[in-house]
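So, here's a batch of structures to check.
Next, two complexes with chain A in common: one pairs it with chain B, the other with chain C.
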Partner chain A sequence: MKRARCLLFGLAAMLAWGPVRPASAHAFLDRAEPAVGSTVAAAPKSVRLWFSERLEPAFSSVHVENAAGEDVDRGDLAVDPHDRTVIGVSLKPIPPGTYKVRWRAVSVDGHATEGDFVFTVGR
Partner chain B sequence: MTAFFQGIHVLAVALIAGAFLFALAMPLPAGMEAAKTANVMPKVECAVGRLAACGLAAAMVTALLWLWAVTSGMSGLGLADPALIPAAARVVTDTSFGQLWLWRLAGAIGLALLLAGPARRIGGRAGLALASLLALGLLASIAGMGHAAAAPDRALEIAVQAAHLVAAGVWFGGLTALCIALKLAGDVPDSAGFGVWATKRVGAMAFLAVAVIAASGAICAVFRVAEPAAVLTSNYGTLLIVKSVLFAGALMFAAINRWRVVPLLTAVSGDARAAQGAQRVLARNVGIETILVGAILLLAGWLAVTPPPHG
Partner chain C sequence: MRFLLFAVAIAAASTAPVHALAHGFAGKRFFPATISIDDPFVADELSLPTVSTVKEPASGDSPATREIEASGEFSKRITPEFGISIGSEFRRRIPDEGRAESGFGNVELMPKYRILVDEAGEGVLSAGLGIELGGTGSARVEADPFTTFEPTLFGGKGFGNLPDSVALLRPFAVTGFVGLAIPNRAATSTTHVNEDGDAVIESERHPHVLRYGMTLQYSIPYLQSFVRDVGLGAPFNCMIPIVEAVLETPLDRGAAGRTTATINPGVIWSGGSVQVGVEAIVPVNDRSGVGVGVIGQLHFYLDDIFPDTLGRPIFGGGQ
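For the complex of A and B:
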C-alpha cells in the first residue's frame, strides 16, 4: 500500500514537473513557408504550413490566391507522410505581387480551425 | 450539439459497462438465504440486462448523431445539409475518428448479439464476463476520439483518459444497478441485510474507481492546462471546476452512505420499521449520488469539445 502510494505520488510529481506539452485540441498555425507576412525575393514553388496538431487531410484545405482573387495553387494538397502536422500545396508560376493563403485545418480529434495570411513576392 | 450527443453517448456506454460489472461482481454469499429464496439476483440480472439493452440502443443512436455532428464540424456543412451523407461516408473511411467509430460499431453489434438472448438475460457468468469486456472496450475507446487523440504524447494521454472513462463508467453503472437491486430487494424478508451487503460490494468497486478517477483526472488536467491560472480564466477551466464540485458532492453522499447509513442499517436490522426508514435514506442517497456521477459524465462530453487554454 505504501509502495503504491509512493508510485502514485512519483508519477504525479513527474507529470507535474516534467516537460508537459499541453494539447490545445484545435490545430493552430505554428509557422509557414513563405512565412506569414513575409516578402520573398523569388516566387516560391509551394506553400507549406506547420500546425500544432496532426491533421485530417480529407477535410483540411489550403488555397492560395492572387490580388484578383484567382487561385494560383495546383489544388494538390498533401500532408507530409512523415509529419502529419505539416500540410502543403504546390503553386503555378506566379509573378511578383501579394498573395493570400486561406487555410482550414481539421485536427485528428475532429475540431476545425481556419485562417489566412499574406506573403509578397518582390520585384 | 456534438457535446450533447457525445455526453449522452458516454453516459449510455458507461451504464452498460458498469451494469454488467455489477452483475458479474454480485454472486450472493452464504447467509443471504432470504435473498436467494426470493431469486433476487436472477431478477437483478434480468433488470440489468434490460437496462443494458436500453443503454445499448441509446449508445447506437447517439453514436450516429455524434458522427453526424462531427461530420458537420469537419466539413463545415450545416446539420440539415443533404451533402452531409457523402461527407459522413468520407469521415468513416478517411479519418482516424471514423475508423475508430467503425470498430466501435462492430463492438456494439457484438454486444447486441450477446444481449439478444431469451428475455434479454445474459447467459451465465462467461457471457457476463464477455459482455463486460466488450462494454469496457467500447467505453475506453472513446478516449481515442477526443482531445487525447491529437495530443503530442497521445499513447500516454489516451491510456490515462481511457482509465478515467472506465473508472467513471464502473462507478455510474454500478450505482445505477445498485438502485435497481435495492428496489427489487425491497420485499425480501431480509432486505436490510441485502442492502448492506450490496452497498458494501458496490462501495468496494466505487472506492477503487474513485481513486482511479481522481488520479487520472489530475493527470489529464496537467496535460491540458499549461498554467494553473488558466483554470480560472477559461471555459475549459470553469467546466473542470464544476466537474470537481460535482465529484466532491458525489463523494460526500458515498461517504455518508458508507459511514453513517450502512452502520445504522446494520444496527437496526432487528427493528423492521427503523430498518425501512434507513433503507429509504440509503436508496435516496444512492439515487442522488448516481445523478451527480451521471452529470459528471455528461460534462465529460462537453469538456471533450471545449478547447483547453492554449499554452
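For the complex of A and C:
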C-alpha cells in the first residue's frame, strides 16, 4: 500500500507539472470540399479543408495540382475568420481530370501534420 | 482519490470527437499506442490504467488461476529520439483451489531509441532494452526474484504507398517487435519441509525466452482523410480496428519450444488527447490460457496535454 501511495503521489506531481492546455494539439483533416476521393460533376472554384484544431495560417499550406504536377490553385490561402479550423484556397478554371490536394497544417500550439488526397472532376 | 478524479476529468475533457492525435507519426501515418505489445515510437505518454483478466492453465502442482491486473506506464522523451518508460502492475491471483493473493509485480524499465523514420514510406524502426527489476514486486503474486534484460527491436510500416487499384487497402498498417529475454539467474532454488518433516530442495529453471509479436491495424481516420471519405461520423471516424498477436518461445533450460501465444482482436478509439482500447485475449493452445480473456486501456498523449512542459523532450526541443 505504501508503494501505491508513492505511485499516486508521483503521478499527481507529474500531472501538476504543467497546466492542462485545452483542445490544442495535432490538427487532423476532418473533411474537405470537394470530399476526399470524390468525383464531382462541375469544376469547383475552391478547395476548403476542415481540421480538428485551430490553425496557424503563417505556417500552414494547401496546394492543388493536376495530373501533370502543375499547380492549379491561385495561391491565396486563407483561414476562415469565423472558424480558424477551416482553411481554403481558390482554383483557376480546371478541366475534367484528377487533382491532388497537398496540405500541411500547423495548429496554434505548433504541432504539425501533413497529408494529401485526390478528387476527380467528371467529364 | 483526488488524483483519480483529476485523471477522469482530463479524460472527460479530452473526448471531443476528433481524429487521432499525437503519439506516433511516420509521414502522414498515425500509429496508435497498441495495447498488448509496445509500439515502435518514442513518445511522452501515460497508460493508466491498463486492466486485464486472463486465466492461466494448471501447471504441475499449481491449479488453474484467474489473474486480474491493473497496470500503469509512464513514458518520457529525453531527446526527440530517445526516451524511457517505467511501469508496474497490481495483480490479484485467484486459484481454483486455495487462497487468493494480491500484490505488485516487478518494476519494469524500457529505454528506447528511435533509429529511423521513413516519412514517405510510413516506416519506423526503434531499439530498446527492457529491464524487469527482480525482487521489486511481491513473491505472493509470483513476481520474479531475478532481473531480466530484454534487448528488443521494434518496427512499423503503413501501406499508404499501395497503387490506386487497391487504394482501400492503404489504411492498413503493421507493427511488430522481437526481443530476447535474458534472466540474470539460471535457476532459483527454494527449500521447504514436506509432510514427513524432511527438507526438500526444489529448483526452478529460468530459460532464455524469444518474445515476438505483431499488430495488423486498419485506420478509419486514414481512410477518410487520405483515401476516401465514406461518410462515417463519430465515434466510428476515430476508430482503428486492430488484431495483436503476442508470442513467447523458451529456448533452453528444459523448456525449449514450448511456445505460448495469444491473438487479441479489438478496437482502439483515438481522439482529443486520449485514446481508449479494448481487446479480447484468445489463447492459441492449452499452455497459453483457459478461455478468452479481456484487456482494456486508457491512454493519454502527454505531448498534447502538456505541450510546453511535460509533453516535450527534456533536451533538443521540438514537439
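Rule of thumb we're sticking to: the second predicted complex is superposed on the first by the 99 of 123 C-alpha atoms of A that agree within 3 Å, B and C clash if a C-alpha of one lies under 4 Å from a C-alpha of the other, contacts with A are read in each partner's own complex, and residues count from 1 in each chain.
Rule of thumb we're sticking to: a contact is a pair of C-beta atoms (placed from the backbone, for glycine too) under 8 Å apart; a residue touches a chain by one contact, two chains touch by 3 or more.
What you see is a predicted model, and the numbers here were worked out from it, not measured in a lab.
**Q** In the overlaid three-chain picture, which partner chain does A:His111 touch, first (chain B) or second (chain C), both, or neither?
**A** A:His111 sits against chain B and chain C alike.
**Q** Based on the superposed arrangement, let me know which partner A:Val86 touches: chain B (first), chain C (second), both, or neither?
**A** In the superposition, A:Val86 touches no partner, neither chain B nor chain C.
**Q** Quick check for you: in the superposed arrangement, does A:Ala58 touch first (chain B), second (chain C), both or neither?
**A** Only chain B is touched by A:Ala58; chain C is not.
**Q** For A:Phe28 in the superposed arrangement: first (chain B), second (chain C), both or neither?
**A** A:Phe28 contacts both chain B and chain C.
**Q** With the two structures laid over each other on chain A, which partner does A:Gly37 touch: chain B (first), chain C (second), both, or neither?
**A** second
**Q** Using the superposition on A, tell me which residues of chain A are in contact with chain B and, in the other complex, with chain C.
**A** Of chain A, residues 8, 11-12, 15, 20-26, 28, 53, 109-111 contact chain B in one complex and chain C in the other.
**Q** Using the touch definition from the top, list the residues of chain A that touch chain C in their complex.
**A** On the chain A side, the touching residues are 3-4, 7-8, 11-12, 14-15, 17-26, 28-32, 35-38, 52-53, 109-111, 113-117.
**Q** Taking the complex as given, what residues does chain A use to touch chain B?
**A** 8, 11-12, 15-16, 20-28, 53-54, 56-59, 104, 106-112
**Q** Could you please specify the touching residues of chain B with respect to chain A in the complex?
**A** 2, 70, 73-76, 90-91, 94-97, 145-153, 157, 215, 218-219, 222-226, 305-311
**Q** Residue numbers of chain C touching chain A in their complex, please.
**A** Interface residues on chain C, with respect to chain A: 2-3, 6-7, 10, 13, 16, 18-22, 25, 27-28, 30, 46, 48, 72, 74, 88, 90, 104, 167, 221, 224-229, 272-273, 301, 303-311, 319.
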